[in-house]
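Two complexes, one shared chain (chain A), two partners (chain B, chain C).
And now, the complex of A and B:
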């Protein structure tokens, strides 16, 4: 029951994140969505994934977004209102579809007609990071480097000009 | 070598960003050139077993679970060739030194991403490196911040995100069934429960995600905009190798190592591939913009690779791998030619060109070679790969698909000849009279790529026996 409640909060937070007018509010919405997801992950006994979600998505990504927003020139309140009205008019059906799909999925019984694997004993963080998922670790470091580089390249120079 | 394919680009990135001010910015082209040449030499050393003790130490120290087989070797070789070409083009095409420095950084990041994709043995690691490549290319397309480039970048990132969601959903379901994300575990789980509708749906969703990444019909909407709007060196990289590694190589690897050549999978590949061949070829016929025409041509040619794979036979897969190799080379060459023409004339509209062969002889001649290979004219490499795919279709009893593939080759020849006539043949237009070759970078890249296309065709038996068949054995032991 609590998990269902958390899932509903997660969906609503994600919806608010994409529909809100202000980029800063949207970033806060994303951070809040990440926090709810972290709680769900802890409840589902995935502490490693939860720690990463909290540190990377809630922490680092939010910092990158806020830095990007601070580098970009803001729209005037009138422009924000116009864009927001047009977006709500154009995409009014998205929240409706989301709610309908959510309600529909509650009644659909997914046929899990395959044997579930034996759940191996969890390894500690060091073993997972340095022995089992080294390649992913490097990949994620490169993605973060690329993201930070992209922010610097696409936004910083624009402000300078 | 396996760990080095990730570590070397990272080290190159660190060197490029050493706080040496203008010195490093000016030297960045040579540093990147040295890096790609070093990476190619390293690749050959590994392939021909000239491995030294320090490399073994690095591999054991980092302990990345990766492998370099003959197919990975071929794909990484292509990554280096296309990246070097793109670098040479960037030297002339990107005038602003800051923008060029940024592009060089992005090309190194993209090469790390593509290397990671080719050596991954785990579906999640593969996904991570697909994202590395996508992020680097998204930034590269938008680099010059022109409205068209921003639109192309936005479409690319939007459809790429949809592909990401599809692939992640599929990975979650497959992980749920296998308890692990390594190719071997997933294959075992699918062998036990391969008929489960949920798992079949997961496979279907993943394939759709890869169709988006590879720009296959009906998920090709982003591709013509991204290819034509991107700066010239980015188009070269994107069309030459990125979509092939992200969409097509990944599809080949996963179908062979995880999903298996099930009848349903083969049917989807055959149908999707044929649709791409037809839609790409007919759409290319009606284009005026040089790069846009080449973009549609790419969709069509990639369709041949998918159709070859969809036969599920040893011959068809060999044909698909050979066409993958050929297409990477001749399409890169055509995009270099398009970039050279744009650099020299400032034009992309083919209706406003004409007779450029007389002023740009190297570009004109190499364009003819790429055209003939693309259209499947003997004895160039594209002929052999297309013939193998068509024979594989015929032998496996897919007569209708074989006939469509032959007819589409005629359409390919038609639109490429139209392009050649409009751009290079005939008398020079008075307003283009002062045109000359765009620069040594374009000329060197065109000549090398044309030599590979002609060489792979003339020495077809050697290339097929020593490159393609071993690469196929990585997919179909």
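And now, the complex of A and C:
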């Protein structure tokens, strides 16, 4: 019951993130979505991934969004007015689509009689990460280095001629 | 895990679909580059939720947590790099609209 409530809050937060006009509010909505997802992950027996989600997605990514938004200058009131009118036309379809998809999914019959694979060991995440998925770790290191290089190049101020 | 978990898993699938649709719609319906980043972020939230639910259903949270950690690392690098690209576009065109990226076509 609590999980259902959390999932409903997650969906509403995602909807608000998409529908809200201000980019800062949208970023806050995204951070709230991450927090709710973190709680769900804790409840689904995945604490380590939940900690990563909370620290990286809620913290670091929000900081990246806010700094990107703050480095760009705000719109003029006239531009805001024009964009708001256009936004309303484009985004009011989303709640309707979500309701239609929800109603459609209620009528989909999924066969639930196939057995689940037996997995008594339930390996620990540290064992999996360090023993079975070592290549993933190498990939993560390479991607992080590439990302750091990219950020250093892209965020650097240009020299004015 | 018992058979009772299947309806619960289906519920997670439905809500994953909602979050995924919201993300795709956000990407398709806007021309603002930062909104596109937010939509991409919502898509990865949906994938994360589905992975965690699958791990819980199969009683193999170790593997799915490892995958989610890898996903989060890739996600943060992609978002940081996209942020840099958005700022570069802003510096050149003084706008956050994606229509200026059409000039990248040859």
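One rule holds for everything that comes next: the second predicted complex is superposed on the first by the 105 of 161 C-alpha atoms of A that agree within 3 Å, B and C clash if a C-alpha of one lies under 4 Å from a C-alpha of the other, contacts with A are read in each partner's own complex, and residues count from 1 in each chain.
The criterion applied here is as follows: a contact is a pair of C-beta atoms (placed from the backbone, for glycine too) under 8 Å apart; a residue touches a chain by one contact, two chains touch by 3 or more.
Since we're looking at a predicted model, the values are computed, not measured.
**Q** Determine, under the contact definition given at the top, whether A:153 touches first (chain B), second (chain C), both, or neither.
**A** both
**Q** Now for A:135: first (chain B), second (chain C), both, or neither, which partner does it touch?
**A** After superposition on chain A, A:135 lies in contact with chain B alone.
**Q** With both complexes overlaid on chain A, does A:110 touch chain B (first), chain C (second), both or neither?
**A** Both partners.
**Q** Once the structures are superposed on A, label A:82 by its partner contacts, choosing first (chain B), second (chain C), both or neither.
**A** A:82: touches no partner chain.
**Q** Check whether A:64 is in contact with chain B, with chain C, with both or with neither, and answer first, second, both or neither.
**A** The answer is second: A:64 touches chain C but not chain B.
**Q** With both complexes superposed on chain A, which partner does A:99 reach: first (chain B), second (chain C), both or neither?
**A** neither
**Q** Should A:44 be classified as contacting the first partner (chain B), the second (chain C), both, or neither?
**A** Only chain C is touched by A:44; chain B is not.
**Q** I'd like to know which partner A:11 touches here: chain B for first, chain C for second, both or neither.
**A** In the superposition, A:11 touches chain C alone.
**Q** Between chain B and chain C, point out the one touching more chain A residues.
**A** C
**Q** Just to be sure I follow: which residues of chain A are touched by chain B in one complex and then by chain C in the other one?
**A** Residues 110, 112, 116-117, 119-120, 132-133, 136, 139-140, 143, 146-147, 150, 153-154, 158 of chain A touch both chain B and chain C.
**Q** Touching residues of chain B toward chain A in the complex: what are they?
**A** For chain B paired with chain A, touching residues are 6-7, 10, 13, 62-66, 98, 102, 105-106, 109, 112-113, 116, 120, 122, 124-125, 128-129, 131-132, 135-136, 138-139, 142-143, 145, 176-180, 189, 192-193, 196-199.
**Q** Considering only the defined contacts, which chain A positions touch chain B in the complex?
**A** 110-120, 130-136, 138-143, 145-147, 149-150, 153-154, 157-158
**Q** Inside the complex, what are the residues of chain C that reach chain A?
**A** 1, 3, 5-8, 10-12, 14-15, 17-19, 21-23, 25-26, 29-30, 32, 34-35, 37-39, 41-42, 45, 48-49, 52-53, 55-70, 72-81, 83-88, 90-91, 96
**Q** Given the complex with chain C, which residues does chain A contribute to the contact?
**A** Contacts found on chain A: 3-4, 7-8, 10-11, 14-15, 17-18, 23, 26-27, 30, 33-34, 37, 40-41, 44-46, 48-49, 52-53, 56-57, 60-61, 64-65, 67-69, 71-72, 87, 90-91, 93-94, 97-98, 101-102, 105, 110, 112, 116-117, 119-120, 122-125, 127-129, 132-133, 136, 139-140, 143-144, 146-147, 150-151, 153-155, 158.
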